[in-house]
Amino acid sequence: MKNIFSKSRVETFSDGIFAIIITLLVLEIKVPHIEEHTSTSELVAALAALFPKFIGWIISFFTIAVIWVNHHKLFKQFRQLDSGIFWWNAVLLLWTSFIPFPTAVLGDYPGNFVSIVLYGVVMALMAVSFTLMRWYVVGKKELLEETVDFKAFRTGTWFSLLFGPVMYLTGIVLGLIHPYLAFAVYLGIPVYFIFSENKN
Amino acid sequence: MKNIFSKSRVETFSDGIFAIIITLLVLEIKVPHIEEHTSTSELVAALAALFPKFIGWIISFFTIAVIWVNHHKLFKQFRQLDSGIFWWNAVLLLWTSFIPFPTAVLGDYPGNFVSIVLYGVVMALMAVSFTLMRWYVVGKKELLEETVDFKAFRTGTWFSLLFGPVMYLTGIVLGLIHPYLAFAVYLGIPVYFIFSENKN
Amino acid sequence: MKNIFSKSRVETFSDGIFAIIITLLVLEIKVPHIEEHTSTSELVAALAALFPKFIGWIISFFTIAVIWVNHHKLFKQFRQLDSGIFWWNAVLLLWTSFIPFPTAVLGDYPGNFVSIVLYGVVMALMAVSFTLMRWYVVGKKELLEETVDFKAFRTGTWFSLLFGPVMYLTGIVLGLIHPYLAFAVYLGIPVYFIFSENKN
Amino acid sequence: MKNIFSKSRVETFSDGIFAIIITLLVLEIKVPHIEEHTSTSELVAALAALFPKFIGWIISFFTIAVIWVNHHKLFKQFRQLDSGIFWWNAVLLLWTSFIPFPTAVLGDYPGNFVSIVLYGVVMALMAVSFTLMRWYVVGKKELLEETVDFKAFRTGTWFSLLFGPVMYLTGIVLGLIHPYLAFAVYLGIPVYFIFSENKN
């Protein structure tokens, strides 16, 4: 293994991508068109119609912030990077950079079950990418910092497999009953992470 | 409290978001469509019609630059970050990253009172996020650099609560008299910050 | 030669550009418009019609990630930068920053041979820029780190000339037989890089 | 003067903005719409019609790269930053971040004299911002690195005033004779900088 990857440059690159994605989300909310430019009631109604888009934007914003935190915590445990980690990280960035698209579809068609499936599947794929990156490192102990408890890391890998994807698939299934149940789960996942984080 | 957040990585992430937002603003100014491609008078008229958009863009540009300065000054006073600061910072970034939307609405409907309310409310929420972040730190003294005067920091927190949001709400109320009064206040707030800054 | 260019600032600047380009790609995939907002079959059909755009996005995503890796490896071999390297780097960034355009054209007109030529030519120009930057450094040995094997570097320069552009031109020619053959080559190039990388 | 501004954080912020602007330029080149999706002649014609947009994009790309270099060289001469430099830098960033708009107008209406004036005026304002930042520092010697030749710096300030804006205004005037003369000047300015740079 040649140690060609500077950890800090990969982190900066990843952070740059996270920062751009979290900011691009708002571009999917277009200024509504109203006929009577000075009509306050028309503009209020047009903005109110964007409500599902605002909800989708907030959910995706906090989800990406949680991805950033999890990425940060994971990379702190790596002693060095090899190309394997780099490419599993690239897969994670692929799915994360895709998030603005399912967010926009969900905002445009909030009552359509296909939007809910698309959003949940992309998020599940993103979450699985974390698991795959961890799994790769479980098989290459020497990439971990010496201070890391290997057994806890391996257990955390299994936990991450069960937690993220299973939760998103639960959201999809609940969306069959009512779209808002899926929204609640999709918002609940980052909120849970934020508060479980704060307890530490 | 586990010290999992690298201050420099959070600063870089925040700076990236500020840089992207300040640059995306210009994307909301679309090239006007004119019939006669070589007609200078038609193009001058079409560009002149974009005047409210240019004003909105300049106001938001300097507002975000002031946010950057205030963020920079605030973070200089933090000794370390915990997840509480991280998430209050995320709330600040949420409202800041939203700014292109109310800016675009204001540029499209400058004479509509709803645009003025939307702009002022988003800015007030952004300003309140600063206060909340400070408040959190007031309750956790150990997060402050030892060189920071705690009493001055606490007083500054109350001041920030009164100053930012109250000014923006004043702008909204003045917008009831004439839209341009609101514009003047919204521009006046960052300009005041810039010049009060320069005196130091 | 005045050493005016800080290597780390040029790297950061380049990384920022790579991060932005890789993230902007997804903006070219627009939310499809459907008549019946809650119709799942209509939304599935509309998303399925975007299939060529998803493929183009994935190809360009991994291509840009490979560009990042190659850029990283190349810059690790430079001891310092002069303005010559800076401007050959700028030419590389020019063609790389152009990638979202041919990607979008390919996604909109996947069966049109002109799209395939455009995509292959832009990628070949990007690949040639790497060769030109290396060639420049071959003539200015003092810019290389002392640990770099000069002969291997010079051979690698010729190899890069043959490999990248020749492969892309092969993709174009195969596109004459069937567009999907070109797609396969365009995807195969980064995939080959990724796996040849991982063997090291 | 309180030294509140970290030079490296301001540089990173500015670099981020430059990187984003240089990359956003390509978003103004939209995929052309053609009727017959597989018609190669129609797509060639549609792409050829975008020729002025490609030229405008290349001019602005290299102009922003030159801005980056000049910014880099200027900041290397500063020992520290105060809020005055910060805000003159913000003015420079304001005009630089505006560049995608006049570039898009020029690409859409290349034969319209108003486009040429708009482009030249924005560039002249950007160039003047450099002069103003330098002028401010001429009056505050203590902000300069001790190794900087103050007289040369002051002379360079006058030179920058004459050179940039005067050249852009010349481009505007020549545009009265033929639009392509203005294009030639606008392209010639960064090209001149690049090659005068390389001689050093």
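By written order: A, B, C and D. Residues from 1 in each chain.
Here is the rule we go by: contacts are C-beta pairs under 8 Å (C-beta built on N, C-alpha and C of every residue); 3 or more make two chains touch, one makes a residue touch a chain.
Quantities reported herein were computed from a predicted structural model and do not represent experimental measurements.
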item: Shared interface partners, meaning chains that touch chain A and chain B; value: none
item: Interchain contact steps from chain B to chain C (minimum; 1 if touching); value: 2
item: Copy pair chain A, chain C: interface residue numbering same or different (half cut); value: different
item: Angle of the C-alpha superposing rotation, chain C to chain D, to the nearest 5 degrees; value: 90
item: Most distant chain from chain C by Cα centroid; value: B
item: Cα-centroid distance, chain B relative to chain D, in whole angstrom; value: 25
item: Between chain D and chain A, distance of the C-alpha-averaged centres to the nearest whole Å; value: 36
item: For chain B, residues that touch 2 or more chains besides their own; value: 12, 16, 20, 24, 27
item: Overall pattern in which the protein chains touch one another (line/ring/star/complete/other); value: ring
item: Interchain contacts (touch definition) - all pairs; value: A-B, A-C, B-D, C-D
item: Of all residues in chain A, those that touch chain C in their complex; value: 1-2, 4-6, 9, 12-13, 16-17, 20-21, 24, 27-28, 83-84, 86-87, 90, 93-94, 97-98, 100-101, 104-105, 108-109, 111-115, 118
item: Of all residues in chain D, those that touch chain C in their complex; value: 11-12, 15-16, 18-20, 22-27, 29, 31, 34, 37-40, 43-44, 47, 57-58, 61-62, 65, 68-69, 72-73, 76, 194, 197-198, 200
